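Sharing a structure here in structure tokens format.
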Amino acid sequence: MSMEWPLFILAAALAVYAGAVLLAVSLPRPALGAVYPLCILAALAACAADIWVLAGQGAFQATLPLGLPTVGLRFRLDSLSAFFGLIVNLGIATSSLYGTGIGRAELSKRIEPFYPAFCAAMNLVLLADDAFGFLFFWELMSLSSWALVVSNHEDEENRKAAYVYLIMAAMGTTALLFAFGGMASPAGAAGGLAGQAGGYAFDAIRDHKLTPLVSGLVLVAALFGTGSKAGLMPLHAWLPLAHPAAPSHVSALMSGVMTKVAIYGIIRIVFDLLGTPAWWWSLPFIILGAATAVGGLLYAVQDRDLKRVLAYSTIENIGIVFAGLGLAIAFKATGIVNAAAVAMAAALLHSLNHSWFKSLLFLGAGAVLHATGRRDMESLGGLIHHMPQTAFYWLVGALSISALPPLNGFVSEWLLFQAVLAGPGFPEPILRFLSPVVAAMLALAAGLAAACFVRAFGTVFLGRPRSTEAAEAHEVPAVQRAAMGILAVLCILGGLFGGFSAWAIGPLLKTLAGTELAGLANGPTRLSLIAFTQGRSIYDAPTIALFVALSAIATMLVVHFISNRGTRRSPAWDCGFPDASPATQYSASSFSQPLRRVYRGIVLGSVEVLEMPPPGDLRPGRFAVRYRDHAWRNLYRRPAVALLFLAGRFNAFQFLTIRRYLVLMFSTLIALLIIMAVWM
Amino acid sequence: MNVSVWAIAVIPIAAGILLALIPSYRVGAIGNVLASGLTFATSLSFLAMPPVVEDYVILDSLNTFFVVLNTLVGFTTSAFSASYIGHEIETGRLTPLFVRFYHAMFQAMMAAMNIALLANNIGVMWVGLELATLITVVMVGIYRTPNALEAAWKYFILGIVGISLAFFGTILVYLAGQGVLGEGLPAMTWSKLLASAPKLDAALLNLAFIFLLVGYGTKVGLAPLHAWLPDAHAEGPTPISAVLSGLLLNVALFALLRFKMLIAAHPGALKPGPIMITIGLLSLIFAAFMLYQRRDIKRLFAYSSIEHMGLITFAFGMGGPLANFAGLLHMVMHSLTKSAIFFAVGHVAQAKGTQQLSGIRGLSVTNPGLAVGLAFGVIAISGLPPFGAFMSEFLILSSTFAREPLLALAAAFGLLVALGALLLRLQNILFGAPTGPHHKVSASSLPWMVHLSLVLVAGLYLPAAVIAWFQKAAELLG
Amino acid sequence: MTLALDVAPVMVAYDVAHFLAGMMLVASFMLLYQDRIFAVLNTFAAQAMLLALAVAWQGYVHHHPDLFITAAMAFGLKGIVIPLALNRMVVRLGIHRDVDQAVNVASSMFLGLGLTSLALLLVLKVTPGASSFTREGLALALAVILLGFLMMITRRNAVTQIVGFMSIENGLILAATGARGMPLVVEVSVAFSVLIALFVFAVFVFRIRERFDSVEIEYLDRVRGDRRVQGDGR
Amino acid sequence: MASPIQSFMAQGAQMFLVLLVAPAVAGITRKVKARLTRRQGPPVVQCYRDLLKLIRKDSVLAGNASWFFRTAPYLIFAFTWVAAALVPTFASGLMFNWAADVVALIALIGAARALLALAAMDVGTSFGGIGSSREMMIASLAEPASMLVMLTVALAAGTTRLPEVAQFLISQPLEIRVSFALAFVALVMVAIAENARIPVDNPATHLELTMVHEAMVLEYSGRHLAMIEAASYLKLVLYFSLVICLFVPFGMAPLHGEPIAWAIGLAAYLTKLTLAAMALGVWEVSIAKMRVFRVSEFLGSAFIFSFLAILLAFLSREVLR
């Protein structure tokens, strides 16, 4: 049993989470903060275990006499679960650290009891080794996060968001249930309880081979189940409602971490359970992924709500990850394993990186919300003066998510482009056609992401405050800044040592894609990131960073040597209109106006309403921008309306007279009798 | 002649007579609890008892846990009603005289249901069910408001017609048995019938099954025979709603299952599966849609009972060890959860002074305790983890999917539609700014806590003994 | 000779039973046909008496003396007491003028014929094994039951509803007695009589008349739950 | 592989070369434009003077300019300079060419741009906002286009490393490929947009509503402005060198060439650069500036061209390797 200690540590961590739940239930309100240190503790312990498993690839199994009768609740900790466990627990640790800074007034029985439950559920999903356990914890995860989303329940919008979220979660779970049902080995479809339920253990599923048709259906179901959770378009519409509705450190978990659990689900199903892939499996991944990457941003650059912008950008990043997975599938299926490894590495590392900078950005948004009480970017501005640290960390996050070197977002982006460049190797013309499309979409997404986050950072932190709240903002508590700082450092390190992380996940890549990134071993430095061979493609972040830093410093020195270093302060020049009111600044909406104009064809349903009073009328002119999410209207509203319509029709049955009810009964009887008469 | 088996029927009857004589409603309530507790304690002895088969009484692995469940829920319900009735008297909706009557009737009803469960004679079983129905009719009408009378009346009419049809079915079964077992008692003794099932006249059995399905199906509340159920739940006293949903439906379904076993044991007879699947799915989906337009909280959960009965019937229609297992499990989960919900709802209605959903808002602000209870109940009944219904629904759907994927899809659709409605209501009840007045209620949260903790445990861990027990029953059901 | 002596009573027994059952079916048809309430009541009384005769005959032929109790009850209760009670009630409720067919006579007769043929078809198909005695009895009983049901759903007011239910119940008793040596028949018939008593009682006390099958919406608004315009719905 | 010394020299020489010629290139363009419009025009060296003057002057900061406003210019300059240093100009044996490939190159330029756009919003004037929003709009189209161009060429060369690409192209027999032609057009259009040239933007204007780049740097003065100006000169040269390296690399010195080869390479590079500068001048006087919202069409077509280019590159068998 000494070999099993990672599992023991994880069990202990889970026990701590559970203890935190009980504590939060029992403690009086002001003392609820005690939950967060416990979560940090548990998360760090879990991280240790996960890292150990990642380092020495071993898989640990355990079966508890719980769950399905005669099958039991099975747990398995392999390198894949460990990798995502690392993502999850790092996110939990930082979010909890941020949580320790939450003021007493904001602690509530509606949040703290569910927070550790949410954390534990995410960990358990990664550990589950049978379909029942997986779905059980998956749904538990949704349920606990639902409670967190609805924690601020006075707000009608939040309630709506929570409801939509829960329904989508339930549908996703059902889809996954069918996916597993399709994969389950029919050991005892007719046979005994043990046999049939046993078919739902992952081992049995692995052994069970499927026909192409079945595996295709399973793939669709699995994509629906995990995609709806991850925010894959067009199922995404719940996400920008639900993620911002939660308290910010929970939003960070949901956006940064829970979506990764969904990614884990699809990887587990497609690369592990579903057997050897066929090339056409990759099509939905690539197409939906690329579309999501661009679509998510097209909404993100529109929105005025800071947290919703972040949520939409989450959708975009999920798209990138799915595109990477799609390429990985395609390469693996067509036997181009080294390219498959590159694509897979891109997907995995992007999941990791995104969990970092998205948590950072959400925590920062939370800090802004806490300091100003505003989420609407139009009423913020100039926070860099009052919240310098938060501003700096947020800047790091913004630059990383815009995939700019030498930060971590660029590492995965770079790998993905390298993978695309192997596209001509595809035997199938469709794939050969798709890979440049992916490249184009990704490049477009990168450009838009930069625009989106320049807009966000520029409007919120730079410029002059647009409201008194923004003007009187104050820096958040030290622990919360520390949480953001840690994440910022992680973003930078992740960017500098991408080569190392790519090397570290080698074993995982070997199990998933079939090989690791061979080129890494013989680069100019151990830290240079090499996709295929050194001659073909290479990116050495440390050198670049050093290069930039040196030249920047050198220039500064030279310039300061030449110049007389004089600096005067004076009102802004502004083409000769000094001291204009802050209202004259470019606002978030006006910033996105050129983009709106350009992409109007694509961002359907974005309408600008300008009402200009006639000359002489003293009323101010009004300008409003509204946009409609079409997935929302067509995939959410319309079905709901149809359902309610049907319900209305059915409802007549509540108001029949007794005689009519008797008629119903009688006709049922007669119908059955007639059937009998005919049948016999 | 097994004493404790008879005691299950005798204790409540005696207690009923006694309670009818006790003037003080407080003493009556306590006596009610004591009697139910005693019955429950006696029933516990069944767990250790070998199967009993007598002319009039049978105790096999199928009905043992039904009896235990029945007496348990009866016990908790009596405890709940003790705290509920008090409030009803304070608000003057019931007079002590009626409460006296109510307690007596409560015991009589328990007795009737126990008789129906334990009867080895299909005629006696029928009598038990008829008795239970009539008593509940009276109980539903006990508030004597126009709504209550209207509900009771509807229940009465549909109920007696159903009973008549069921009786005709019973006659047919007797005729079928008569051919083999000769005239008289043996041809109505279920165990003997089952033993010689293959030799019975298949055609007669088929015809009988149709009538029994329609007759007892009315009691189970399967659409389109369900009409009495929602109003009866909504207008009666809440403890009765709890008993109706938690027990009476189960007992009726149990009776149906007995005959399903009989006909399933006959190779030549029609397969009851398709019919039950159709009716089950119909009820499931119909009820799911009906949930959306409800304005009365108790009627809402009444429809959810129809939905779940449909699901269970569907499961038994699918048959096979796993589906039957899941069906039995779901029956238990549903009756525990649903009665727990009704306990909570009863107190909610008292706290808010209305049953109208529009009048119940922001419960989590005004009565957090009740809110938690209700939330857990609804989450459990929607088949979400960590509660037992998740496991049973997982087993039902997965076992169906392995054989008839499309049917599984249909069932899942119904479940999702229902879940949508229930959670929508739940959110509206729990959250938002509270509306209207709210009174403090001396709610005893113990009953629903017991039920929900049982359901919770079942969701995580089924003891091997229980599993073995269910499996035996599932095999009996074929 | 002995053989003939043996056979003859059986034949007679069969003929008489069959005749009585057939008459009951005819009575059911008449019930369907009547649209004046008093006529309905009288016809029902006739049917009840026929039932009494049939049951008594069964008891006599098969030497089941206890069946005489059932017969007596059928005769006394359903043949005399209840019709009289209903008569008074009709007067009290002042509905003796009503024509309460929900479906017009012709179509209901037509439905009735359909049901009868369905019943015969089913039973004759079903019971090739059973004695012809049972078969005929069963077939006619089923027909009576279905017709009673049909009557329940083609009539509007409570009284005729009761009558419909009672004719269903007549059919049941007929079937039960037809099933030779069936235990509990007496008990069941007693139970049913209790039911009917309750039924009548309910109608009598609660003035069920208008509550039974009214279609006026404002009425439903007042009584049925779950309507939009409604105060406290308890 | 070239000897470290050699390649280090190549690297260093190249870094300072671009720095040295950058203002001159801008100067040449201006001069050509002036002459073509019958003006005397400033001397070619004027840009050097301007830079020195700016550096010497005090820098005037707006009242609420933050630390970011002051550090940004140096970062922008550094990013651009490093990017420029990574493009082989006259010799392909570069010390640090392994540090970043074309993808990284595009990203570096993007980083500089993002920093500039942010800096523009720091003071909180309306014009800064105008500038950066338009800049980002342009970038959101230009960046993917340039990325696709790079990938097209890289695809043909089978590597994303510029020196290898250049070597490969030199080694190839001279032939016109459709994909390359499209890529070339797209890259030129992008270059024009990226360097705020007519018809996308007018470097000489201060007419508020039409300007993009100038609007962004409106609040800068003194040494900070100098840095930004220098960065923009560098960027122009960078794009020229890119076009040269990717499409007319002939004469470039091989990885390990003798001094003579270097001399040839240098000469070739300078001539090409001059020609490019003059061509730009001619182009700018020969057409009019377009409305900002027509820019999207201009760049949209660039994007389409580059996409067609890479599509052809992918689907045509010739590049299968």
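Going by the order they are written in, the chains are A, B, C and D; count residues from 1 in each one.
Here is the rule we go by: contacts are C-beta pairs under 8 Å (C-beta built on N, C-alpha and C of every residue); 3 or more make two chains touch, one makes a residue touch a chain.
These numbers come from a predicted model, not from an experiment.
Asks: If you tally the C-beta contacts, which comes out ahead, B-C or A-C?
Replies: B-C
Asks: Cα centroid separation between chain C and chain D, in whole Å?
Replies: 100
Asks: Averaged over CA atoms, how far is the centre of chain B from the centre of chain C? Could you give it in whole Å?
Replies: Here the centre of chain C sits 31 Å away from the centre of chain B.
Asks: In angstrom, rounded to a whole number, how far apart do the mean CA points of chain B and chain D lie?
Replies: Their C-alpha centroids are separated by 79 Å.
Asks: If you average the CA atoms of chain A and of chain C, how far apart do the two points sit, in angstrom?
Replies: Measuring from centre to centre gives 69 Å for this pair.
Asks: Specify, in ascending order, the residues of chain B that touch 2 or more different other chains.
Replies: As it turns out, chain B has residues touching two or more other chains at 153, 157, 161, 203, 206-207, 293.
Asks: At least two partner chains per residue is the criterion; list those residues in chain A.
Replies: Within chain A, the residues that touch at least two other chains are 654, 658, 662, 669, 673, 676, 680.
Asks: Which residues does chain D have that touch at least 2 chains other than itself?
Replies: Chain D, residues with two or more chain partners: not present.
Asks: According to the definition of touch, which chains form touching pairs?
Replies: A-B, A-C, A-D, B-C
Asks: Spell out the part of chain A that touches chain D in their complex, as residue ranges.
Replies: 381-382, 384-385, 388, 395, 399, 402-405, 410, 413-414, 417-418, 420-421, 423-425, 429, 432-433, 435-436, 439-440, 443-444, 446-448, 450-451, 453-455, 457-459, 462-464, 524, 528, 534-540, 543-544, 547-549, 551-552, 555-556, 559-560, 562-564, 566-575, 580, 582, 584-587, 590-595, 597-598
Asks: Using the touch rule from the top, collect the residues of chain B that touch chain A in their complex.
Replies: It is residues 153-154, 157-158, 161-162, 165, 203, 206-207, 210-211, 213-214, 218, 224-225, 227-228, 230, 270, 275, 286, 289-293, 320-322, 325, 364, 368, 379, 382, 384-386, 390-391, 394-395, 397-399, 401-403, 405, 408-409, 412, 415-417, 419-421, 423-424, 427, 430-433, 460-462, 467, 471, 474 of chain B that touch chain A.
Asks: Would you mind writing out the residues of chain C in touch with chain B in their complex?
Replies: Chain C reaches chain B through residues 122-123, 125-127, 129-130, 134, 138, 142, 145, 149, 152, 161, 165, 168-169, 171-172, 175-176, 179-184, 187-188, 191, 195, 198-199, 202, 206, 208, 211-212, 222-228, 230, 232-234.
Asks: With touch defined as at the start, can you tell me which chain C residues reach chain A in the complex?
Replies: Touching chain A: residues 102, 115, 118, 121-122, 125-126, 146, 149-150, 152-153, 155-156, 212-215, 220, 224, 226-227 of chain C.
Asks: So in the complex, the part of chain D that touches chain A is made up of which residues?
Replies: 52, 55-64, 66-68, 74-75, 77-79, 81-82, 85, 96, 98-101, 103-104, 107-108, 110-111, 113-114, 117-118, 121-130, 132-134, 136-137, 139-145, 147-148, 151, 154-155, 158-161, 164, 206, 208, 218-219, 222-223, 226-227, 292-293, 296, 300, 303, 307, 310-311, 313-315, 319-321
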